[in-house]
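Next come two complexes built around chain A: one with chain B, the other with chain C.
Then we have the complex of A and B:
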């Protein structure tokens, strides 16, 4: 896990690009909104977009991290060495996923704080603490997704087809840049069944200071994704051993 | 008790052979076809054989990476399938000497990472990693990024990685491939030292000279079957490999002598013969040369090499 963190930190260039991206896109859509509505767009709406884009980046990174972990492991021969060690691959990939959660929370907080100060002033910065806790909990179901994609990568060898499908569904249905009530009903249902729309809305409300703890309780069902992910990961492992004769 | 035992080990792969865009045929490859062998503790055991013979497959089964399709194997007294986790704790492994590490981490960080996988604490892992860097001759290069490493440095790091958990048994698949002569020698003496300290080394190599210098036991594998096994000396003996005798005669033209004669590098005639008794035959040849009144320019007795053993065994 330390190793993973160090790797992340050494990729500072990519990090900077990732940090700029939500600012640029949200600014673009803010300006476009300004032009279209003749200046009726508020900074709060820019903030809405900023948070949306950032969570989207986090969601993409999170949904494919295990997949890439395995893929890189296969390409570099690291995976075989892990398999030949006493550590189970599930533990290894989970620690990599948790590293990702930490990294992504830091990433989100950085961007959100800048936006928060610009739009609401320094005073709202305390809300950031709430968001850290909120994300730490709500990103857990995403780890479930993450494991699903991971084991699919082991079985089918290439992560892209799976991650591309998941990412496009997620980005369409999760209300990153517009409320999901605007969506056709089946996409809405899909969006509500997945954890991302709750994450993005919750994060927005906490930061703006209008979040109630009671809102969290119906979302407990989302933790089922984590359980589901773990179960399918195990099933996938068994299937893979049968198919390939690899001692997983 | 043996460090490694296997009985009738089998592993098949389904190879997809493309006939055309739409049709393909599945053919069965017998990567291991009934391998039985035993490796004593504290010896260097080498598995040699042509490309695709099944050496890597063997290493992967014994190091719990592949499940055999038949037969059974024990490493350190544990079954490689049913007690894989016990096996994993007591083995070290090098698969490809230039792979298996985080490129964006330094050598020592990579070693510490693997140390942690084997349950070492951070401090223990750092200490062990530093020792191993010294031992393999990487030393100060341990602080450099892996992506900058040369092939030889990578190979050394792989071996250091294989030793991070103080294993009882190490599996080395072609550990000295691509190393310069000095580095290769260093690794070889390291392998020898490990064995004298009681570690069991199971290695594969295509360098017969190296195998001969290092191994207590050699097994030759061909198409998934062991075709010969024994110490290098035993193998030569069993195949009745003969010595090669060369006696150079200082003369302008081929003398009238009762032995086969060729022309040597210096242009002089050279008596060249294969023999099982090099001492006796050498004296005979020299006596004959003297009797004819010539002087002897030089003498060479060539021992049969393991390479010849391999050539013979494989061409049968």
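Then we have the complex of A and C:
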């Protein structure tokens, strides 16, 4: 995890871009909304989209880093060196994923806090504590989801086309920047089968102070992604060892 | 005469390289075709979240379809700016320039991929808009649309070459491009200018990109904010201006590369 944190710190430019992206895109969309409605838009709607774009970036960062972790590790030989140490491949991969979770929680808190203060005032900042706990729980299924992304990267060899397809589906179906009800029913079902719609809606409700514990119940079903990711990781590892004679 | 033939040969060699690269990575085409429908839904609904009733307005659906088309257009072109940094990092750029080729010629190979991306992604997006959202797509002035797209193609080819020269020494040039691909089209005429509040309309006119992007949207909607006989020649002049800037920057880059031993303007 220390090694992964050092990689994050070295890529400060990426963090800077990630920090600006939700603000730029939500403000652009807000301006378009102003134009389309003749100024009948509220800062609360901007905050709705800011939170959505931030969770979207979290989703992108986690899926892309998972895909690139495998691809870059294989290309540079870094993965072999890591695996040559007496560490289980799963421990190395999960360490990277957990570092990612911590980084993304910090990232979300930073952006959401700025938005919260701007729209609702400093008094609402206390709600951020609840979001930290909520994200720590709800990003666990995402780790499993992204193990599947990593395995798909090994199968298709290129990380960008894999993440491009997955990110587009996740973005369209998860209701990041619009209510999921605007989607056709099959896309609504697809969105509800993935972890992100629960994350973005839960985070919004916690920040607004209207979260109910019952909303955590889908997490039990979504933890299936973690189990599925671990099973496929193990199957993929066995297949790779058989084919190449070495781990991943 | 021989120099001209040699130059044409290099241009064709670069184009062949672009086509070969595109053909080798078919997974990219598959990925684009798979992801465009979802991106289209995402963009449409993100903008129309503020006013879902506009999904019933054919004028807005048509205008927004073309707005997203320009986004694909601009995005496809300016992503090619990463190419020069990659080429320098891989050590290819030095060898290419030793052959007497220019940065613009070297960029041409990557531009072929951008043009193919627009040729596939653009119509795919319009088709998805028509099928998925029931948009009755229309182009009010087809001839002006062809001219506007040609001017925009030339402009963004040169602009991307300039951006590539400016970003050549960055380790993560994609950060800037990721932001630019949204900011450039959506602040410079992709959102139909007549729909903007008057104070924003005035500000948009100061963006040089407006004179390139607005004609595409206006040719489709039929509402030119500035008459086409003014906006299109201004677009042509801007192409000429950035061509001169591009040549100057390229010379500076090469001079510095010879002096310092590495490709950087800064």
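The definition used in the following text is that the second predicted complex is superposed on the first by the 241 of 248 C-alpha atoms of A that agree within 3 Å, B and C clash if a C-alpha of one lies under 4 Å from a C-alpha of the other, contacts with A are read in each partner's own complex, and residues count from 1 in each chain.
Just so it is clear, a contact is a pair of C-beta atoms (placed from the backbone, for glycine too) under 8 Å apart; a residue touches a chain by one contact, two chains touch by 3 or more.
Quick caveat, the model's predicted, so the values are computed rather than measured.
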| item | value |
| --- | --- |
| Fit-or-clash call for chain B and chain C when the two complexes are aligned on chain A | fit |
| Touching partner for A:31 - first (chain B), second (chain C), both, neither | second |
| Chain touching more of chain A, residue-wise (chain B, chain C) | C |
| Which of chain B and chain C A:87 touches, first, second, both or neither | first |
| Partner chain in contact with A:161 - chain B first, chain C second, else both or neither | second |
| Partner chain in contact with A:45 - chain B first, chain C second, else both or neither | second |
| First (chain B), second (chain C), both or neither touched by A:126 | neither |
| Closest Cα approach, chain C to chain B, once both complexes are overlaid on chain A (Å) | 11 |
| On chain A, the residue positions that both chain B and chain C contact, one per complex | 11 |
| Parts of chain A lying in touch with chain C, wherever the complex brings them together | 11, 13-14, 16-17, 20-21, 24-25, 28-41, 45, 48-49, 156-158, 160-162, 164-165, 167-169, 171-173, 177-179, 182-183, 187 |
| Residues of chain A touching chain B in the complex | 2-3, 6-7, 10-11, 76-78, 80-87, 92, 241, 245-247 |
| Of all residues in chain B, those that touch chain A in their complex | 11, 63-67, 69, 80-81, 84-85, 88-89, 91, 93, 95-96, 99-105, 109-110, 112-114, 116-119, 161 |
| Chain A-touching residues of chain C, taken from the complex the two chains share | 25, 27-28, 30-32, 34-36, 38-39, 41-42, 45-52, 54, 60, 171-172, 175, 178-179, 182-183, 186-187, 191, 195-197, 200 |
